[in-house]
Each structure stands twice: as structure tokens, then as C-alpha cells.
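Pasting the structures in now, so scroll down.
You will see subunit A twice below: alongside subunit B first, and alongside subunit C after that.
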Partner chain A sequence: MTPDKINRLGIVAVALFTLLAPWILPVFVDEFWVDIYSEMLIWSLLAASVNLLFGYVGLLSFGQALFFGMGMYGVAIGIAKIGLGFWPAFGFGILLSTTMALITGFLAVRLTWHYFAIITVVFSLIFYFTALSWKPLTGGDDGLSFTMPPIFSFGEETAISLTDPTVQYYFIVLMVGACYALMGVVLKSPLGRAFRTVKENDMRAALIGLNVYMIRLTAFVIAGFVAGVAGALFAFFGRYASATYMFYHVSGEAVVWAIIGGAGTLLGPVVGTTLLITLREELSDVWEHYLIVVGVIVIVVVIFAPKGLGGLWMGMVNRIFDKSANGNQPKEGGE
Partner chain B sequence: MSPTQILEIEDIEKHFGGLAALDGVNAHVESGKLTAIIGANGAGKTTLFNVITGILPPSAGRVKFLGQDITNKPVHEISKLGLARTLQIKSVFNGMTVRENLWIAAQSRDGVFKPFQRASASSRANQVADQLCEELGLTQFANQEAANLSYGDIALLEIGIALATEPKLLLLDEPICGMGPAETEQTVEKIRNLAKRIDIVIIEHDIEVVFEVSDEVIVMAQGKVLARGTPAEISTNAEVRTAYLGDDDDA
Partner chain C sequence: MELVIALGMNGIVWGLIIALIALGLSIIFGLLDIINIAHGDFFMVGTVLAWFVLDTTGNYWLAFLIVPIIGFAMGVVIEYTVIQPIKNAAALSIVATFGLSIILQEGVRATFGAAPTRLVPPIQSTIQMFGLEYEVYRLFAAAVSIAAILLFFGFLHRTKMGTWMRAVRYDPETATAMGIPARKIYMITFALGFAMAALGGVVAAPITTVDFQAGVDILPFCFMAVIIGGLGNLEGTVAAAVMLAFFEGVMASFADPTIARIGSLCLMSIVLLIRPHGIFAGATR
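On to the complex of A and B.
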């Protein structure tokens, strides 16, 4: 057993659970948790988008909800206003968010640290208010709902559509899984290592000939793409789009999920998101000030496990392994 | 331009507000010689390195590397032309392993915008990284995070990172600063060996080391070149003695 193998086993376990959740969850809890779980998976992508920037390139964005919103409105406007089918609307949403990331990133990644954080908030606020006030297109306060077009249709009678809960669940799992697989591949590539050099020491990165600006921009666009997929999926999930989900507190929540889950680990965001959304679902009914609990958890994690739960896990696995072996093994924690 | 001049610095000025950190520097580095830059604190040595490597834009003047004007070029492009440097405050990728540090520097020559290729499949970069680990005596730490290394090993790693980019000219900013006697001796030996295959410019405060390793010495004072010559010429130069070396007379 190497730490690497243990982590791979962990990933297989999460994947198996996810694939079998429609059968496993109803045994223990109410059936609507299957729905909540698929929603968590979608939100985890938003956290993953934050994580890609913060955990790997060292840019803390408080504006990822902007790209989530673009994906969401792309789908809703595509279907309700333009009359697109399922796949074109999906593509339109992702294209919109990725393009938005390219344009805003062009300006934003010139800055770092708090300046970067502030400009991402500013961008997301600009488009939040635009979405809110552009009623004919976005529905403003009321949001924009649509009727679900089929994914595939064969002739007049048969069609596969997300209106079937099983189809919807597995469609979401497939798309979310594809995004994580994509990020996994990129992070293990030369580009992924270049991301980490920029986070670690951008001056040194430039001095060895890496174009820090282009690397940051690329990461920003990939993060925008991932958040866009999440937003598009969320529009399909709820059959509507609303500016509420573009507000910066949504971005902030994603930052918290990413940090709790473990910035700099691929699946940390899934852990953080499921944990905190479960808390919200369970506690918000019982106690309206449940956010105090969330706050305490954040403080405890940040102080005692600065690398989040994912980092805690990696540390544990490495330590257990170090004890059982000679302790001179590669650490794969960062990738 | 003479073909032996690998680096030419022409009338470089750098002003920070009203302060002229560099006040018309003219100098050149000859290929095949180890050049040392000495001078008191604030003479402008590191500022000059920063201008050469593109970290700071000069207020006036030109820098030519291998006959090509590199003034105002971005840092990463200058690196790609074959100019590497270490920093006065040791600068490596702390959270990455020693091997990854060397690997990414080597890979920078082949390009990193390869999102769908596995990093571990880059055979050339792998080879360079392993070879440098061996050469620097860091193989036993290859899979440790750079942050865990001793100070001397971090300095070595930083030189290794610079070498992994296969530079034609290497600028070393106080490479032995903060080292003990044993580490100093080791590093000086390494620098002397390196100078056989690449051109090196070194900023150093330790005059003994400078006179020991260098073929050519440039003395800077108050943002200007005060004198230039072989170590022997410099040690007997009256102007230099009063301006700089004189401080060491009582030592």
C-alpha cells in the first residue's frame, strides 16, 4: 500500500457511492437526499472552480458565481428566449461562461491577492445588477423558468429527458465526473505543475521562463468553464435561472466549501460542499442561527487544519504510511 | 559588437523617485570569463541584475544579450533566450519536491501549455531533473519538499533550477551569503566548475572569494562603474581602495 493507492481507493469509494446513491441513500435517509446529493455535486463544481484558482494557482476569487450565473442564464435564455434544444443550450451556457472568464480574466489576472479578490467581486456585482435589471431578458427578480427540452428524442413518442429523475441524476453525475476527470488530467500535466509554481513563487516561475500571466489566465478560463458547467447543470436541475445565484455571497460560500474541503486537493471541494450543505439542510430547520456553527467550524478548520479536511486526510495517510515504511517515499499530495 | 561580448550594458539608468540607483552604467561581460561585480551596499549591483533580467524596467539605456536588444523584454522571454539568475534571498518552489523544482525548470524549455500530457511522461525533463539531483548531491532529498532542505542545499537547488533552464549566462546574486565556511568552500568549488561550461556573473561581498574565483572584476559605486579589471589590477587600484576596499584595511 502506498499513499497513492490509498487515495485512489478513496476516489473509487466516492465514485461507487455516487453511482449507487439512488439505491444506498433511501436505505438510510429520506429519498429526497438523492436530489440533494446531486445538487451538492453541482455546487461542488463551483467550489472546485475556486479551488483550481486558490489551491493551485494561488488566486483567491470571490467572484466565481459570475461564471456559474453565466452558465445558468445561458441555458435558461437559450431555451426560453432563443428556443434552443438541450445540447445547444448546454453548450451556449458553457460558451458564455468561458468567454466571460476570458474577458474578465484578461484584466483580473494582472492583479494578485486582495486586488485580485476585489476585482472579481466587482465583476460579479456588475453582472449581478445587470441580470437583476435586464428584466426582458433575464426575468429580473422573478428569474427565468423554462420547460425542459429532451436530451434525445426518437421520433414522436420516445424521448430521453431530465424530467426522469434517474436520467437527471446520472446526467449530473456524468457531467460532474467529466469535469473532475478533466481537472485531474490537467493538474497532472506540465501545465498543472506550472500552476503550482505560480502559486509557490511567481517571481521564480517567471525567472525560469514561464509566462506567469498566461498561466494565470489559462487557469482562470478553465475555472470559468468549470463554474459554467456547474451553472448550466443547476439551471437544468431547477428548470430556471435567477440572479440570486450570482450574488457574491454565493461566491463566498464556494470559497468556504473549498477551504474547508481542502484547497489544493482535487476532491477536497466535494468533501467541503457535501459537509456544509448537509449541515445547512439539517440545522437550518432546527436553529435559524445555524451559520454560527458554520463559522465555528470554519475557524476550527482554518486554525487546526489549514490545508482543510482534504489536507488533513493526505497528512494522515502519509503519516501512517511513513510509520509502516522507511519514510522516504514520494508525496503526491499536491497533485 | 564583438562576438565575445555576451552581455552589453549601455548607459543604464534607474531612478526610484529622486534617487538614481543606477546612474549611467556601462559595462560588458566577456564570454569565457567569470565576472564578479563588487561594491558597497546600495552601489546598485542587485538593481543592475534586476534591470538585466527584466524584473525592473530601466529609466534609460539599453541591455544587449548575445547581440540582441533585451531592454524592456518580459522576464520569461529573457529567460528563454538563455539568461538565468539566482536571487539574493534564496528563491525556490518551497511546496514542491526537489525533483519537481528541477523538472519544471527543465520543462520550461519544452513548453508547459500541454494540458493533456502527463507530466511524468516528459522524458527529457525527467532526465535533466534526475541528472541535476545527482550532480548537486540532492538525490537523497529528491522527493522531499524544498522547504525541508537546509539553507545550503536550498542555495544549491536554486543554482540547479537555473542550470535546468540550460542558460548561456548565469547571474549569481551573493551565492554564498549566509553560508558557513564548509558550505562556502563547497559552493565556490561548484561555481568554479560551472564556469568551465557556462558564463557566470557573480555579485559577492566576500572579497576573498571574489579574488579567488573571478577573471574580471567590475567595481560599482553609487550607481556607476568605478573600475574594471583583473583581480590583481583591482586590488592595486588606488581609487577602489579608498572607495571600497579601504574599509577592509584594518581587518
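On to the complex of A and C.
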């Protein structure tokens, strides 16, 4: 067994749990946790898009909620205003967010570090206020709700639709899983290595002939795509879209989830999102002002596990194997 | 025309208050490399404390004295418990101050309540100027902000502590080697930043509403003032804050406030993008 195998085992365990969750969760906790779990999966995707940029390319985006919101509005406007079917609306949402990522990224990735963080906030705020004031199209504060069209329909009677909870759950799992698989493939590919090179040292990356601008832009567009899928799924999940989800606070939460879970690890965002949403669900019944506890936990994690929970875990695994197998080089960071 | 003048003047007054708050953000940002997400909430805590002072003593003027002191004390405590352990890690500072922001907002919601409250300005008269009736309190607010900003620059350039602060920002290692207590300077800087935001809260409370979410709206504006003014350029921060608020005020006189906000945001992104990379030190990293 090597640390790599342990990590692969972890991924398999998470995947198995996710597939069996509709049977496992009702046994131990209430049935509504299946719904909460699918919500976690969707939000983890938003955190993963932050992580892709920050953990692998070194760009801290504070505006991922913009692409989340675009995916959301694409679906809601597509169905409620244009009258699209299920798949065209889904595609429209993703197309909208990816295009938006391409346009804003074209400008934003010219900047780095603080400047990049600020410009992403500015862009997301521009569209947040636009969505708020463009009431006929977006519904403004109230949001825009729609009735769910079927995924497939065979004749008049039989139709597969997300109104069936089981279908909805597995549809979300399938789409979220596909996004993680895509990110896994990208990060394993030469492009993924280029990402990490740019993160470590963009000057050297440029000197060995990498096009740093294009690499950053590619990462930005992929992250926008992933956030867009999350937004589109969330629109299907809640059957509505609202400008609230485009505010910079949502982006901020995604950053927190990603860093708490462990930036630069594929499963980190899932861990962070799961932890914080579980805390929310569990504590909100106990104490009205449970957010104080959440804030304290966030600070404590950052102080005692600066690499996030994923980093803490990796450190433990590596230390164990360092002791048992001498000469076996532990790998930096997780896959 | 009268509306343009009124809203333009409101913009300048508001810009001066923002400048005061953004200066606090800028010194924390510049000296400690802490991206302080909770800075808007420091301002919000200031407005709430001002409300409490008025509520218990019945005298609003006391708040101008007491609240910055409380803010300074809170800043010392927060620096010691939260900021010191994560020193100089900008990415972590975002998460830690995000946690702080949650605690402050929820703490205020638990004690003060969730409903926004309006305060009656301590000066209620109006004055005739530029052909319109203008509230005296707003002029007073501008005067207090200007005085506080000037005091701050005086402190930074004329006192030993201020010189130390500039020295630590310029080169922490050399400053420490020369016997400047850098850790103490970090603490004082952070506390001063809090105190300035809290004072901004006291000044602004009678013009806006006292609300536990007030910090969320003001934070992006402060950050933009800091960035557009140029990182580490404190005079630039003041100028940028006043200009942005003035622009938004004038825009708001012939367009919907939200449209005005979008306009100023677009202006900011243009400024951010056309400003060449090399002008600011530390732009690439």
C-alpha cells in the first residue's frame, strides 16, 4: 500500500457511498438527508471550481458565483421565458456560463493575485446588480421559478422527470461525477501539469515555453464551466433561480469550503462542503445563532490545519508511510 | 440640477466616510498582508456600538469618543487570537476573516436584532447652500472624516509609532533587526484599522441604517478604493474613495441607484484593466 493507493481507496469509498446514499442515509439518519446530500454535491462543485483555480493554478477567484448564477439563470430563463425543454435548457445554462467565463476570463487573467481577486468580485457584482434590476427577465429579488419539464417523455403517459426524487438524485450524482471525472482527467493530463507549473512559478513556466496567459484562461474557462454545471443543477434542484446566489458572499463561501477542505486536492472541496453544510443542518435546529459556532470552527481549522482538512489527512498518511517504508518518497499534495 | 448637486455632495460626504474606512483596510492590507473580509463588519460594529451608546447614555457625541476606543480594544483582541496565528498567509487570512465576519454579524444579530434601525442625527438643522437646503449633519460628518484622515496622516508621518509602522511595511526584517517591535506594530496597526472603521460607523450611522448586514454592502467598495488608489498608496485610497462615491452620486441623480452602482463598477474594472501591471509594487506574485 502506498499513499497513492490510500487516496484511490478514499475516492472509491466516497463514490460507493454516493451511489448507495439513498439506501444508507435513511437507515442512520432521516430520509431528507438524501436531499441535503445532493445539495452538498452541487455546492461542492462550486467549491471545486474555486479549488481548480486556486489550488492548481494559483488564482484566487472571488467571483465564481457569477458562473453559478449564469448556469442557474440559463436554465430558469430557458424554461420559463423561452420555453426550452430539459436538455436544451441545461445546455443553454452551461453555454451561458462558459461563454461568460471566456469573456470575463479574457480580461481577468491578465491580472494576478489581489488584482485578480478584486476584478473577479467586480465582474460578479456587475452582473449581480444587473440581474437585480432587470426584473422582467430575472424576477429580481423574488427570483424566477419554473415548472420542471421531463427529461425524456415517451408518448403522453410515461415520462422520466426530476420530479421523481430517485431520478433527481441519480441525475445530480451522474452530472457531478462527470464533472469530477473531467477535472481528474484534466489534472492528470499534460495540461494539468502545466497548471501546477504556472502555480509554482509563472516566470519559469513562461521561460520554458508555456503560454501562461492561455493556460490561466483555459483553467478559468474550465472552472467557469464546472461552476455553471453546478448552477444549472441547483436551478433544477430548487426549480428556480435567484440573483441572491450571484452575490459575492456565495463566492466567498465557496472559497472557504475549498480552503477548509484542502486546496489542491481533488476531494478537498467535497470534504469542506460536506462538513460545513452538515454543521449548518445539525446546528441550526439546536441554536438560532449557530453561525457563531460555524465561524469559530472555520477559524480554528485555519489556525490548526493551514492546509485544510485534506492537507491534514495527507500529512498523516505521509507520516505513517514515511516511518514504515524508508526511501519511499512521499508525494506532495493529493491527486 | 439641484438634484445633481445634492446627490453629488452626498457622494462626496459618503466618499470621505468610505475613505476613512478604506484607510483602515489599506493599512491592514499593506502592513500585515491580511485580506480583511471582516472589515465591513468592523464598520457595522461601529454603527451598532454608536446605537448602544445613544441608547444607554442618550448622548450621541459620546459615541465619537467611546466607540473608536472599544474598536481599538476589539482589534487588539482579534489580532492576538486570530491574526497572529496565521500571520502573512493571505489566502488563509481570507478564510479566517470570513469566519470572523460570520461571528460579528451573527453576534450583532443575536444582541441587537435583525431589524434595521434608523438613528436621528444629533444635528437636525439644515443650511442654505448652492440653492438647496442641505443637512448640517452631513457637513459635520464630512468634517469629522477629514479631521480623522488628517490626524491619521499626521500620526503616520510625525510620530515615532507612525515612523515605525512605515519602516515595518517597507522592510520588516531590517526594521526588526534595528529593534523595532514588529509584532507590537502589527497589533497596533490592526487595532487602528478596526478603530478607523468603527469611527466611520459612528459618523455614518445617522445617515444610513444600523443593520447587521451593513458591512456586506460596503466591503467591495472599500476594497476597490484601496486597489484603484494603488496598493500601499494611502493618499491614493482617499482620492479613489471620494472620486468613486462622487461619480456614483452624480450617476444616481439621473439613473436608478442600481444602474449607478453598475456604472461605477464598470468604471472600476476599466481602471483596473488599463492600468499597466508594473505601476504597483507587488502586482505580480
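Throughout what follows, the second predicted complex is superposed on the first by the 329 of 335 C-alpha atoms of A that agree within 3 Å, B and C clash if a C-alpha of one lies under 4 Å from a C-alpha of the other, contacts with A are read in each partner's own complex, and residues count from 1 in each chain.
Following the convention adopted for this analysis, a residue touches a chain if its C-beta (ideal position, glycine included) is under 8 Å from a C-beta of that chain, and two chains touch if they have at least 3 such contacts.
Predicted model only: the values in this text are computed from it and were never measured.
Asker: So, does A:L95 touch the first partner subunit B, the second partner subunit C, both, or neither?
Answerer: neither
Asker: Which partner does A:A47 contact after superposing on A: first (subunit B), second (subunit C), both, neither?
Answerer: neither
Asker: After lining up the shared chain so the two structures overlap, which partner does A:L217 touch, if you call subunit B first and subunit C second: first, second, both or neither?
Answerer: After superposition on chain A, A:L217 lies in contact with neither partner.
Asker: Regarding the shared-chain residue A:I208, is it in contact with subunit B (first), subunit C (second), both, or neither?
Answerer: first
Asker: Looking at subunit A, does subunit C or subunit B touch more of its residues?
Answerer: Of the two chains, more subunit A residues are contacted by C.
Asker: Pick one for A:I151: touches subunit B only (first), subunit C only (second), both, or neither.
Answerer: Touch partners of A:I151: none, neither subunit B nor subunit C.
Asker: In the superposed arrangement, does A:K188 touch subunit B (first), subunit C (second), both or neither?
Answerer: first
Asker: How about subunit A: which of its residues touch subunit C in the complex?
Answerer: Going by the criterion above, the answer is residues 54, 60, 107, 110-115, 117-119, 121-123, 125-126, 129-130, 132-133, 202, 248-249, 252-253, 255-256, 259-260, 263, 288-289, 291-292, 294-299, 302-303, 306.
Asker: Within their complex, state which residues of subunit A touch subunit B.
Answerer: 185-186, 188-194, 196-197, 199-201, 203-212, 214-215, 218, 328-331, 334
Asker: What residues of subunit C sit close enough to touch subunit A in their complex?
Answerer: 35, 37, 82, 85-86, 89-92, 94-96, 98-103, 105-107, 109-110, 216, 220, 223-224, 227, 231, 256, 258-259, 261-262, 265-266, 268-269, 272-273, 277, 282-285
Asker: For subunit B, which residues are in contact with subunit A within the complex?
Answerer: Counting only subunit B, the residues touching subunit A are 53, 55, 74-77, 79-80, 84-85, 87, 91-97, 100, 103-105, 107-120, 122, 125, 143, 145, 161-162, 164-165.
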